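You will see chain A twice below: alongside chain B first, and alongside chain C after that.
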Partner chain A sequence: MSRPGFVLEVDERTPALLMHEGEGFRLERLPLGSRVIYPPESLPALRDLDGEIRRALANPLGREPLHELIKAGMKLTIVFDDLSIPLPPMQTPDIRQRIIEHVLEIAAGKGVDDVELIAGNALHRRMTPAELKRTVGERVFRSFFPRHLRNHDAEDRGQLSVIGHTPHGEIVEINRRAAESDLIVYVNVSLTAMSGGPKSVSVGLASYRSLKHHHNVHTLRHSRSFNDPPNSAMHHSYDRMAGLLGDNLKIFQIETTVNNNTFPTQLNFLNKREWEWNLKDQATYLAVKRANDMLPPGRRRQIWHRTAAPYGVTSVTAGAPEEVHTVTMRNLLRQQLTELDGPSDIGIWGLPYICPYNVNSIMNPILVFSLGLGYFFNLYRGQPIVRKGGVAIFYHPVRNEFHPVHHPSYIDFFEEVLAETTDPVAIEAKFEEHFATDPWYTHLYRNSYAYHGVHPLYMWYWGAHALEHLGDVIFVGGDRKTTARMGFRTASTLDDALEMARERVGGSPSITYHHTPPLAMADVR
Partner chain B sequence: MNLTLEYHRSPARYFAGRTVTAAVHGARTAAAVAANLSPLRLITRPDPRLPEDGWTRVKPIISGICGSDLGLLTGRNSPYLSAVISLPFTPGHEVVGETLDDVPGIPRGSRVVIDPVLGCLPRGVDTCQWCDADQHSRCDHITTGVVSAGIQTGFCTDTSGGWSQMLVAHHSQLHVLPDGLDDRSAVMIEPLSCAIHTVRRVSVPDGASVLVVGAGTVGLLTVLALREYTKCGPIYVVARYPHQRERAREMGATEVLATNRPARALRRSTGAFLAHPERGDEYLLGGTDLAFECTAGSGLDTALRAVRAGGTVVLSGMPNAGVDLTPIWFRELQLVGAYASGGQDFPDAIALAQQAPLAGFVDAVYPLARWREAIGHASAAGRLGTIKVAFDPQKD
Partner chain C sequence: MIRFTNALIRDMKTLSRGRDWRGRSRTPRSAVAHESDQQPREFPTGWARTVSAQRARKMLQRAVLTPLTWSQTNPEIQGLDHLDTVKGPVVFVANHTSHLDTPLIIGSLPKRFSDKLAVGAAADYFFDARWRAAITALVFNAFPVERHRSRRLRSLAPFLLAKGWSLLLFPEGTRSEDGWMSPLRLGAAHLCVSNKVPIVPVVLRGTYAAMPRGRNWPLPGRPRVVVRYGPALTPEDGEGARGFNLRVGQAIARLWAEEDLGWYKSLRAQAEGRLALPTGPEAVVTGPLAAPAPSTPPAKVVSWRRTWESTRPLAPRRRPSAWQDPD
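Right, the complex of A and B next:
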């Protein structure tokens, strides 16, 4: 039986606590009385995963069994989540591979010839052939790539299809192949409460003009949080779109959840609570930290990005998207939810080396922003862990470095847009259309491995709620110039950061440290 | 006797300056050592003689330090011009002065600005085809006539130059200044006439997008001239320093770009594609319709990489750097030179100077005795927040 989530109150016996800071980490002593949110202990993985997959496909929720839905002569499209989840990428074989192999086995048994596999990458960069192979496995890759295994292209006008408009006037436009299929099988990995369910097809296969209805400042400011779907305007929009899709298409959703085994055995101390580190963990910490700090930056990044998570799969659920997602959410929260009594004046987060948009890439300053003020700040249900007007303290070096191939529009966004304004509303009004329709960005998105031109703006919107909520943002160890360009302050040490924060929140602030990853979602009462 | 700053022949100093400023951080080094290494000396010479009738002695009131003067002092200018100057000479071709003799149409004691080009008329020779066509900046006779060789006043032994207490000028070179125009604004007329000439060297279609590389005196005045004499569309200016960015906007720039990766910054505004060669700077496929290179050559590469196929690059500053000409071939560009001024450029510059926001362009005026400081200041003008440094030769 795994232990539930836990909130530690720091006292004299509390050891120094681990803080992620990009491609590195440190131990930090927090002031007495600080609260620390830990996720529930890692849940046990399913023992007979193939058996569970078979069971889920044969006993779906709200749908006929898959072998009854699949018929000879049909047009079948299998869509799968792209490389943005899970994080870090899971050790192979990826759960998507295992599920796709089962689905293809059934399709082959039924004599289905017209099968296509599509990565639901929306406006994310295309996955490289190597990344596709890693996700779907050697056998599937060899059989389907490149003609029948490909990335979704949100800018291929001829290959998009309008399904209709929601009652709110939102256009639903998705990949034509999927729209014209007799059956869409969507293979999902849910790592956070925001993903999966209504989001899968309506976002993963959508075009820019469909996505803009929910990826905007207004919606994100009214998504509190976007990891709490009932209180997320973004998810309300997903729901409306998914309803329309459900009326017009046949979707068979297969969702999975993983446990909190985020780091491999050699880094196991990162998965554990600090006071439970044994001698080996302590020695490993010292050795890894010393070696990591000595490595040149390029090599250090390479090593971190080669790290694969030994995630265990905790659930496989199949059937109608809405019913499946209810079960998925339950399993996901069981692994991540920790109750917390009320917000504090100051919230602290250590930002790791990876976020959904820098897999095999560089965590540029905009992605640091979106990870901190977007993803991590929004890991709550009820209310943020920081009170309105409070201060967020993040740990990250915030280096001014960008991946030139993956993030070309991010470079321009940082250099040109943020030099002019950091206000999400002003950015949306003045720059979104230019970035979204810039032919060069579109060309690179379609033919190279670049994120869509509008993507950095979405990342900025991602933090719009936090920007409105927080009174100040401080980066410990952040590059001063780069951080200032984004409108934030830097501090050399936690003591300095707390001193700066006291200007805003008073002399004796309450402090909460959100200890993640492994991911913990705060249920703030 | 005439106190004068004289540029003299000194191969040792020439090569020393050239070597030092060609090194890494050469520009910064130039600011520190330009004056000390340059073949320049402050000496007393007899007053210059009047070559013939129609010439007058002029007492310089204020005389600017131009980028081409600095290129000369640091050995960066091309030796190409050594054939059309005479040594030793007194530099200074941006001159506001007072006449000391009566000449046709200009009584003694007039406050004048000098058009420095020494064409056929001042030289007293039969006019060449260019001077006949009122394009004396192209004069073929700049090595002959009543004064020694020299492309302009300020490069000619016999006329002396603005960095002295007295020079001689032909009446055709003189333009009487209106009373309302102060000396510091008036000294900007010569570079302004060059900027007007530069803009007139090419046809600028209405709405055309323009890149101006450099935001020193020449760049800023080129922006001003573009706004005054053309109906061009957006003007993008590459500027290094904050005060240059402010001035560029004041002159009418649409957008000011930083010097690091200007092609990238320009790409989004022009809807171009960016190409990354394996070596060398990135360039645009697309870009602006025209570019004006106003940095004495170092920005020519930027201009060539930022202009659309079939576009035009105008070379305004005196070039002193090598450049990869492949874009001219591959993108079928037109490269146009623009030197000095001609025709109506000078009168138009005088008219424009009376209404243009030129106040504050000259913010440092030195006596000749402090010439080392003046040259050092001018060499580091950008970093020091200055646009134009000048001499007041009559000041002690």
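Right, the complex of A and C next:
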């Protein structure tokens, strides 16, 4: 029986608590009375995963069983989530591989010849052949790559198809192959409450023209939070688009959720509550911390990115996207939701080494911003864990380093745009079109392994709600110059950061530390 | 290298703050309700009662444990004569305030008892890590005692009694937080009633002041400690565990008071019903006999006053004078 999430109140018994800070971590003592949000303990994984997959495909929600939907001579497209989830990547075999293999077994049995597999990477960078192979497995890769296993290309005008316009005037444009298929099977891994559901096809296979309707400052400022779909303007837009897709396409959605086994057993102390660390955990902490701090940054990054999570799959649900997603959300929240009484003056987050956009890559300053003020700040339901005008304190070194292949437009965004303004509205108005249509960025997106030119702007919009909500942002241990470029302050220690925060929130502030990863979503009452 | 060492020391300091010498942290109050209900594996202790383990233990106790304890404290053993007529197996029942308690009792018992003694130790404390369990079992011949009823451990105590082992049990269940006693749990009395085994009450005084919770070594200066044995109590026919437990509690209260009042006055106080289990400054008669009766509800005192009283060093034992004190 897994223990539910809970909110710790720091007292004199509380040992130092773990904070992630990029490719490192530290123990930090929080002031007495601080609250700490802990996620529920890892749920037990499904024992007979293949049996569960077979059961889900044979008894879908709101759809005929898959073996009845698949017919000889049909055009079948299997779309799967790209490498941006789960984080860290899961140990092989990936759940997507296992599901795709089951789907293909049925398709082969029915005599389907026309099968295509597409990674739903939208404006993300293309997955390398090695990454594709890791995700779908050797057998699928060998059978379909490169001609029938590929990345979605959001800039291939000839391979995009307009489905129509929503009543709000939003254009729905997706991958032509998928649009022309008799059946789309979407294979998803839901890691956060924003993942999956109607978002899958309408975002994963979309073009910039289509994405810009929900990836903009206005929508993100009115998504409170984007992890709470009923209160997310972004999800309302997804839903409108999904409605249109549902009228025109047949989508068979297969969604999965994973438990909170985020770190492998040799780093088990990262999955545990600190006062429950035994001697082995403490010895491991000391050994890993010392070894990690001594390593050169490049080597350290390499090692962390080789770390795969031993996630256990907690649910497999198949059928019509909307009905499936209701069940998926229930399972996901069961694993991540922790109730919290009201916001506090100061919120603290330790930012880890990975976010959806730096798998096998570098966490550049813009990604640090989007992880902290975007993803982690928005891990709430109800209201943010920090009150309006409060202060956010993040732990991360925020080094001025970029991956030149993966994030070329990020470099220009950081050097040129942020030097001029950090206001998301001004950035959107003045720079978005240029970054979105720049032929060099487009070329790199299509032919190299670069994120789309507009992607760094989206990352900035991702934090638009937090920027509007917070009174100040302080990075503990952050590079002073880099952080200042983004409009934030740095502090050497938590004590300094709290002292700086007191200037804004008063002398005896309430503090909440969002202890994640493993992921915890705050249900703030 | 120096930087590495400094960083390691810094990390170790941060890590160890708030943890005890075994590296364990107390559960924060708000997390107590969320403690794990995972059942640790039961640690086998049968090997610690084999002939070779007994030999090793005898050597460790006589060559290391007892000399070390006696070198760091100034023990005074009283009432051993009560054991002369007692035949094993028996259950020694003592108050518990310090990690010194067990070594003092083991070191003060006659060999015929100490060589055949098994000590009940908290399963969740001493038997949660294998290395700790092994050391505890070897040195003290400890066996796990489940004190929170959080898991269904089959108690070894009846088995050990049947095999002729005397037992040392601390029926308060844990070391005292502030040096005063907690109510005695029924387990020891129930065991003795159901197995028709006598209990020998033992009271330790001064051990809390010498080495309270949180310390891993006695205070310097060889503080005085007293181990006082009482007469064995045998369950009477038809006597229930509750009644027997009450008698044991009264015997312990008298032994406790004997340190302050002397033997005869403590007997009189007991006969007049003015002694109760020493649960705090207001609930125990430690002063003149004219002190209020225990039926008076104990007044609430701030915690520092309780600790202050219990950490008061025992008065040095004066040599008995042939002449009556002028006062």
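FYI, the second predicted complex is superposed on the first by the 525 of 525 C-alpha atoms of A that agree within 3 Å, B and C clash if a C-alpha of one lies under 4 Å from a C-alpha of the other, contacts with A are read in each partner's own complex, and residues count from 1 in each chain.
By definition in this document, contacts are C-beta pairs under 8 Å (C-beta built on N, C-alpha and C of every residue); 3 or more make two chains touch, one makes a residue touch a chain.
Remember, it's a predicted structure, so these values are computed and weren't measured experimentally.
Overlaying the two complexes via chain A leaves chain B and chain C side by side, clear of any clash.
With both structures placed on the common chain, the touch criterion links A:D11 to chain C but leaves chain B unconnected. Once chain A of one complex is fitted onto chain A of the other, the partner contacts of A:D341 are absent, as it touches neither chain B nor chain C.
With both complexes superposed, C is the one of chain B and chain C in contact with more chain A residues.
Once the two complexes are laid over each other on the shared chain, residue contacts for A:R3 go to chain C alone; chain B is not touched. In the superposed model, the vertex angle chain B-chain A-chain C (Cα centres) comes to 120 degrees (nearest 10).
Closest contact between chain B and chain C, by C-alpha atoms in the overlaid model: 32 Å.
In the superposition on chain A, no residue of chain A contacts both chain B and chain C.
For chain B in complex with chain A, the touching residues are 258, 261, 264-265, 267-268, 271-274, 276. For chain C in complex with chain A, the touching residues are 4, 7-8, 11-12, 14-15, 17-19, 22-31, 33-34, 36-37, 129. Across the interface of their complex, chain C is touched by residues 1, 3-4, 6-16, 26-27, 29, 273-279, 282, 285-286, 289-290, 293-294 of chain A.
Note for the complex: chain A touches chain B at residues 404, 408, 411-412, 415-416, 434, 438-440, 443.
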